[in-house]
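Have a look at these structures, which come just after this line.
Across the two complexes that follow, chain A remains constant while its partner is chain B and subsequently chain C.
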Partner chain A sequence: MKYMEIRVRLCKILILIMAGIAVAVPVVNAKIVVDVNRGHADPLPIAITDLIGNESDIISGGSVKNYGQRIALVVKADLTRSGLFQMVDSAAFIKSANPLTTLRNPNFNNWKAIGAQALMNGSISLQEDGRLKVEFRLWDVLGSNQLTGLRYFTSPKNWRRIAHLISDAIYKRLTGESGYFDTRVVYISESGPATARVKRLAIMDQDGHNHVFLTNGKNLVLTPRFSPTAQEITYLSYFDDNPRVYLYNIDSGKQEILGDFPGMTFAPRFSPDGNKVIMSQAFKGNSDIYVMELTTRRIQRLTSHTAIDTSPSYSPDSRYVTFNSDRGGSQQIYVMDADGKNIKRISFGKGRYSTPVWSPRGDLIAFTRQYRGKFYIGVMRPDGSGERLLSESYLDEGPTWTPNGRVIMYFRQQPYDSRGRGGETQLWTVDLTGYNERQMITPLDASDPAWSPLIR
Partner chain B sequence: MRDAVIISVIFHFVVMASGMVALPMLRPDRPDIMKVIPIEVIKIGDVTKLRTQEKKPDPIIKKPNKKSPERKVEMPPEPPKLASTMPLPDMKSKPKPKKKTTIKKPTKVTSKRAPRITPKTKPRRFNAGKLAVLLDKREQSEPDILEKLKDRDYGKEKVISTIDIQQQTLSLIDAIDKHIYDNQCWNIPAGAKGAEGLRVTIRFRLSPEGELIGSPKVVDSGRMNSPGQEFYRTAAESALRAVRKCAPYDFLPKAQYDLWRDMEIIFDPEHILSS
Partner chain C sequence: MLEKMNGVKYWALIGAVLLLNACANSNTGTVPDTPTDPVVETQEPVVAEPTEDVTTEPMMEDPDTQESLDAASGGALVYFGYDRYDLTADGRSGLQTQAAWLVAHASVKVTVEGHCDERGTREYNLALGDRRANSVKNYLVALGVDPSRIHTVSYGKERPAVTGSGESSWSQNRRGYTRVN
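Up next is the complex of A and B:
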């Protein structure tokens, strides 16, 4: 009997334990799970404040405070041009009694109130050695925490570059990829009538400032391309009516002929490691693709076909080359192994495809497409899928990528009117969304741009 | 010997039970949530077949009328369409003689509304076909999830079913998704490379007022801080911003607080970035 009683009691206890667990477990784990797969692609609202500086410290070009304001303006312009950020109007900023105290401890509620989701503040001061000390901090307003903070020491004449470096740091921290503001663009500056066009090699910062002509215009220059690793440009120039591929060192101003090839060489482009130049060479009426090692000057032929093969461009891992060819009857884009094997056509749309350029990210190839009297700049995946056209006009051509693969620059020619007026050429940029299309302002007409890698 | 067997059996049960507590991942999540959370809700039951079944036993309605007339006062907010589906003759006959003025109000309301939609046949018994029609109408004229959640009358449902809670949960999920979208809280990291790997889960706890308690957390925070995962970090930060920007979540019904106190939102940009 005792055993029976014990059993019954134990069973009761057991049932109670089990019931308790059955109730408790789900309550402990109670949570609602929401899947969100729709959102908005609006620019991120960011507040950029002037760098706080001393008005009484004067250096060439203005006071330190003035430099702080100018740096903030350049940062704002950079980020706005990217299309990914929206500047919060500085008129809405709530002034602090002592701005210096808020540098390390911003009042996030104030910034939240005016709609800012990110905030940049900072200071600038003059050092005893005549250099500027520039420091900034980037804050997550909603999370009330610092995202990044950097300090630079530089000569006052480099203030613009410091501003671009700050823009790059902000861009990288908020988008996850490298910025492209501390870069330059080399292009062909054009002037004069169509029958006697003067073409000069020119270089400028990516925002159009610090513009310099590199050649005097005596000889025709075409297709400039940046080296990915050094401040070098390769381009095609006609000297004594002979087209040759040249190397130009931006720092030293030195120029040299890359090679003396039989026939005509054109469309040169560096390999991603900067050790090779890939180009087209026309010989006896046939154009094929060649690659030259810069150290040994050894040349290797990659294609051998009766069709015109041109505009080669390496993939970022150097394993593949894309080029255009009319071997299929019309001009189309092809991809082959870096040794010239396994040639595959990847473009199959209507019209003609040309000037393929592999994105530095490796995920896309930019191209020019001509169809029904219009030109388009577009992108497709390296297997030819996912073609998207980003720009359209009377004549768009010659895409070049930013080092982060987010933006494409190209040149656009305006149509001629019935009196023969028009035909101006300009540089334009468009980002991968296709919505943020902007004109770059240049002193003269401009064509054939090439975006530099990040300046080191 | 017997003792040893009994102790052994108990020991095994305890081990199994503790396993259930310590290893909840062994069980499927959502069904458990549906089954057990004790909730007193909701008007969703107004349109389910289950609810009409609950209303069937007339005597149960009579008893509370006698003992607690206050509850009757809560009845008027019921939608007119439902009134028409209730056993009107019974309703008319019962409250009038027995209850005070407070009880008359609801009966007047129902009797005024009832004739408009009075069914031709006496709806003494449950009519599945008509309820199905009503259900359809409700779905078509669904006004706004947030409004519906706010307008709910929480105190009356007596029977909790799996389907009820499932519907409540779905309504909450819809409401939260809509709230995040309508208020433009989530700014997608546009153009990021590898969008298919940027699915971010944020976990957070809310107060009964819908305010965030503590900081929302990225579930895979280890990946967020790994080198080479900058795109994921950006995606995670945009998700965190979305959760913070959308607070407070004060539109959520307090009566269902147990359901939404702990929340996980999965932000998945793949469909948007790939389209």
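Up next is the complex of A and C:
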């Protein structure tokens, strides 16, 4: 049953993305399935071959053949970082006498012999209009059949996106879940001593490439978050020494203050439809949660309590809001209806809980927990049950989800040693299983990451 | 005694300047015959001048500056307990001196900064810093400072006073600071 659903969705994407269907997909039962919950223990051996291209076709940045190699490298890196796949060493590949003909007819025995259970092959060529045509096919080696095949047309400068789209297609076909490779991360780039830290908005692809600074560091900026279109960012800026929530349009570079609040506004986040921004206002020493409709600029107050109410995050169906409050005496996580009614505490463990962020799948809420001098990133169900801690350190904070709800990114601050060295901040990712914890490489120190939705 | 000496030097200098001016004004184009004579004459009022006039310059000692407030109040700082925003006895006594200074310097406007240690999440600390800044402001207002003179801003954990991982550093970072605008 589930298999049928996957087939239906896959066909839609074929029609949407492809200019022409590369090949008919044979209807067979998939022999290989990557279990996203157990894949880390038993990653799937997959062979990713270079896309075959013409060495004599030269475009800006190299030959077409060279682009085919680079795309394969990016696909390998994407799939490897997911922790669910193991790359079969290309040195072991058995060379074919006529690679182009084997694109549609791989020698499955050769791939079986070197332990590959899945195979990706493809080609790349230069069109007369200057665009690249990129094709790939994913094969089930043991079942000897094609699992998917897609063709893309794009200008050469978009070659990385094509690689990420291929990774997403492979991930989706083999795990049954949407990928997250064609996405970006907005975060705060940090430099200088802690007492006079310079912070800048920065954006990059989820693999760290195409890195761009969006602000110059003159004003302190914090906590950027994407809109669901990934074209706008809401964040906090200390422009004019007046901390307020701002909107940043990625295409135009335009920044505007959100609303005319008497007090500090902070902790902003978009609603799932992108039409509202939910945030806190601190006024005369009291922080409550407000929501602003972006088109009308109408403001609604959601909480009214002497406690600190902050870090609000919508459920993906927009019916509920989870937030952080110390109304019970210490910081805990609460859930309320989107209109502010029916406030319920959901965290009851020891220590302090904060920064709840609802998974895009709706099934879990990620949080930061402090307990006995350590900080943890964890998840729990929206009713507070099933708490699991995924990471632990001197200071882990601020989880953000991949659009498929499988991976969490957060930042980690190192402690200082007795000589005052340390304090570095870096971005880390961890699988929802708690395995596959990896550091993201950024040009400078980094904090406050926010993962974009899938870019379409 | 020191003040007296300074006074003498001061008036001697004034005398010298007056003399030079007198020379410049009276001797248009001619060199004075006996330039040393007036110097002796002008020394008289120096000795006679009362020293009180020299010392009545209080604004030099206590201007409307951050340095003056810092000196009066021991750094214009108030410290808080972990995750607390209520004032300690030390905090209140420090704020009493700040309030007295603010009352005496009625034209000064200040910004009270609320700061936190790094042992909390960023957004919660922004809220906590706002609470701390307002604790300070409310106490200053209760002591007679016009609220319109006091702006507040929270820096959360973004601007620690010192770096370090331990209570001795964190306790210095949980603070309210009164900044003269």
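As a convention for this text, the second predicted complex is superposed on the first by the 414 of 456 C-alpha atoms of A that agree within 3 Å, B and C clash if a C-alpha of one lies under 4 Å from a C-alpha of the other, contacts with A are read in each partner's own complex, and residues count from 1 in each chain.
Rule of thumb we're sticking to: contacts are C-beta pairs under 8 Å (C-beta built on N, C-alpha and C of every residue); 3 or more make two chains touch, one makes a residue touch a chain.
Being a predicted model, the structure only gives us computed values, none of them experimental.
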Contacts of A:Phe266 with chain B and chain C, given as first, second, both or neither: second
Which of chain B and chain C A:Gly434 touches, first, second, both or neither: neither
Chain B versus chain C as contact partner of A:Lys172, first or second or both or neither: first
Touching partner for A:Asp448 - first (chain B), second (chain C), both, neither: second
Which superposed partner A:Val36 touches (first chain B, second chain C, both, neither): first
Which of chain B and chain C A:Leu44 touches, first, second, both or neither: first
Which superposed partner A:Pro316 touches (first chain B, second chain C, both, neither): neither
Contacts of A:Ala282 with chain B and chain C, given as first, second, both or neither: second
Residues on chain A engaged by chain C in the complex (per definition of touch): 193-197, 199, 220, 222-223, 236, 241-243, 263-264, 266-267, 280, 282, 284-287, 308, 310-311, 324, 326, 330-331, 352, 354-355, 368, 370, 394-395, 397-398, 413, 415-417, 420, 422-423, 448
Sites on chain A touched by chain B in the complex: 3, 6-7, 10, 14, 17-18, 21-42, 44, 84, 117, 140, 142-143, 172, 174-177, 361, 363, 405-406, 431-433
Chain A contact footprint on chain C (complex, rising order): 83, 85, 111, 118-124, 126-128, 130-131, 133-135, 138, 153-154, 158-165, 169
In the complex, chain B residues that touch chain A: 2, 6, 10, 13-14, 17, 20-21, 24, 27, 29-30, 32-33, 35-37, 169, 172-173, 176-177, 180-181, 184, 186-193, 203, 215, 230-235, 237, 240-242, 244-245, 258-272
